[in-house]
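Look for chain A in each of the two complexes below; its partner is chain B in the first and chain C in the second.
The block that comes next holds the complex of A and B.
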């Protein structure tokens, strides 16, 4: 029924062919551009006139132009969340940020010469940590002639961000019972931001494995 | 005296003679005409892309003990290649799904199926 509706609304629509139709919006609605800067940039191009005649979805309620808004940080909160308890996740990340900042300020005071090089902004630290732990490649098992080969394949940008955050969080969750998550997360993020620690090692190990299996790279299938 | 084999052939004619049509009637197990569609299996090309870039990247990573900052150029090239490949694949998929028929020899399976639905084989 939905498909027929789809074809009636927008005949031969590309969007219809690609969506499952779970959204509250019809498929021809486009994503809102909530950033003022992006809007102003768009205004200079012809795209703006085109967009002004398109139906647009409402912006999501956690997206804003506030200086406290950061896409990657929001994503991290979502990954920390367990059982829908986002409030707790946000609190945990804030605590972790506080922990990071304390550590960095302590480092600053211990080493006054390197004051300019030490980053104390926890958001920046988190972003840097994620960027440092993003993998370039990954391995997938592909069966050829009854043997499973580990074949290196490139990862998309989105997936690389996902993997980086997942690994950081996994490393943070693997701790002793008496250590709290914010503390451990802060340490893992700080380590990764300085290009050391378990997460970066995990990434490098994956790259090493990919390199070892490079002979199978042409087995890539689908 | 040597008997030529042709004589035997004539004598035991049942041995090698063709089957008689009325005793073994021909059965048409599958219809002896082509279907009005083709499968899309042959169209799915292999997914191997950016092998050369990957090789260069591996060589660089191995030389620099897997420290990425020394291989920025290679990494960028590799990612650019993959992005281009993924984007072009996505675009191609879009046009295939649209199934717009263009005149010419190079038709994909969807276009062929559309043609054959319009002009089916005579029954």
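The block that comes next holds the complex of A and C.
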């Protein structure tokens, strides 16, 4: 999620050589840096001067500099979306946030001593849940001598975020049918934020399996 | 006037003979490379009788000489026709033929032969034959068929010579660095070649200089080699060589002219941006400076948009430029859906706000992608496919 900016700034001369593909923009256009914080960080490096000569793609219509904007939350909305109905997905996540907050405030009131330790900000809860359920390793089948081995390989940062969000959502969608998604999602997120629940268990299981198959790890390169 | 109209067909008729294995020539880099051995077409033609006397001439050379002679003759007649055509045209337009320029010719043609054709290249034109008929490469081999260039058999002698030249420059710089180090002096960091704001010639421009077609990989090799040359500590010693292939980049913000705000009846500054486009939506946006943050979209306030995302989009440039609550917005949009309309208004607000913020903020807004028109449109459905990209399910049986 928090991709390093530098990777986007491929040298201009290199980009030119590639074919245009399907994009509406010419290949030397670079993605917009719409966050002010990122721009400030960039200003300290000498990349900033180079940027003044580069044409920029228009910011996407789900990006914004508002205080309510969060990259991870935005991504989650995109994963919840079905059939292009983003409006509904956003509503569902908002409802889920409300649900989370209610639960947390209830906990706060039940246990006034631990008021400071309980997080009531649903965005923070979601981020914590995702961070807790991010896998480090995954298994892939690699064929060696006619036998398929389950080989542990490291997961890239982007994919680990994807898997975490996918697992949380899957877990929420799997639960009983009578409860609506926002509630189920809120429960799953709360569980994961406290390092409990199915998603974290799934991650740990995967890690355990990878640990068990560590003997095959060398098949990755030999 | 026949000249102007016959040009197209002439070009087709006569050029078939020449198209085969001769490439083009221009007079910049290749001219430099081959300046020492000047085998231009005319020279070779004059040398031809001598060569015939001396020894038997190779088939390829014979064919080349024939082509070169035909080309020279053809160009001569074309030039003559062009001159005559120009004089006729000048007389027709009632102007002095001696001072009739190419610009006058273009204007006269546009006036005399108005064309409704959309493509500019399809309209009638009259240009000097040097422009219409591409230049071609001079003979690359002598009468016995022996190539002049040591890299003739690479197929792209000029390109590979260029790569060799780059490496030679690099080797020279490395030697120089070693000698300097032995003497105890280092490269002057102040003089280092600063390549920011420059880029290498594009593939097309390089091809024009080399008079050769190169592929993408070869072009990448060229840019990589040049990048390495620039990165050397003593690269400023071969600045002339580098400058030959460097092209300055334009500053992106300075290209956009910022409109001066006007004053309305109440004495408030305002800027109106017309033709705010996004998807199929189109609208115009007016931003008034001392304001209270009032937003009017088609007579309604921001609740014109039911979706939160669209409202956020409208506010995006205002939040970014920290002008929320300081300006009033009036927008009229039509066409498209809420997302497109919001995008159009966003662009309009951002463009108008440029007049009310400082230069640094304008650059910042540009980096944020607010000043770029979003050209993306709905992709069309393709026949034989379910949609733009999705294919029909395919079952073998």
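Everything below uses one rule, namely that the second predicted complex is superposed on the first by the 200 of 222 C-alpha atoms of A that agree within 3 Å, B and C clash if a C-alpha of one lies under 4 Å from a C-alpha of the other, contacts with A are read in each partner's own complex, and residues count from 1 in each chain.
Heads up, the rule we're going with is that a residue touches a chain if its C-beta (ideal position, glycine included) is under 8 Å from a C-beta of that chain, and two chains touch if they have at least 3 such contacts.
Treat the numbers as computed from the prediction; the structure is a model and nothing was measured.
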{"item": "Chain B versus chain C as contact partner of A:37, first or second or both or neither", "value": "neither"}
{"item": "Which superposed partner A:177 touches (first chain B, second chain C, both, neither)", "value": "neither"}
{"item": "First, second, both or neither for A:24, with chain B first and chain C second", "value": "second"}
{"item": "Touched partner set for A:207, first chain B, second chain C, both or neither", "value": "first"}
{"item": "Between chain B and chain C, more extensive residue contact with chain A", "value": "C"}
{"item": "Which superposed partner A:218 touches (first chain B, second chain C, both, neither)", "value": "first"}
{"item": "Which of chain B and chain C A:65 touches, first, second, both or neither", "value": "second"}
{"item": "Touched partner set for A:136, first chain B, second chain C, both or neither", "value": "first"}
{"item": "Which superposed partner A:156 touches (first chain B, second chain C, both, neither)", "value": "first"}
{"item": "Touching both chain C and chain B, counted on chain A across the two superposed complexes", "value": "12, 14, 17-18"}
{"item": "Chain B contact footprint on chain A (complex, rising order)", "value": "12, 14, 17-18, 136-137, 152, 154, 156-157, 204, 207-208, 210-211, 214, 217-218, 220-222"}
{"item": "Touching residues (chain side chain C, partner chain A) in the complex", "value": "196-197, 199-200, 202-203, 216-217, 219-220, 223, 226-227, 249-253, 307-309, 312-313, 315-316, 319-320, 339, 342-343, 347, 363-364, 366-370, 372-377, 379"}
{"item": "Residues of chain B that touch chain A when the two form their complex", "value": "44, 46-48, 50-51, 54-55, 57-58, 61-62, 66, 68, 75, 78-79, 82-83, 86, 94, 97-98"}
{"item": "Chain A residues touching chain C - in the complex, by the definition given at the top", "value": "11-14, 16-19, 22, 24-25, 31-34, 36, 39, 46, 49-59, 61-66, 68-69, 86-87, 90"}
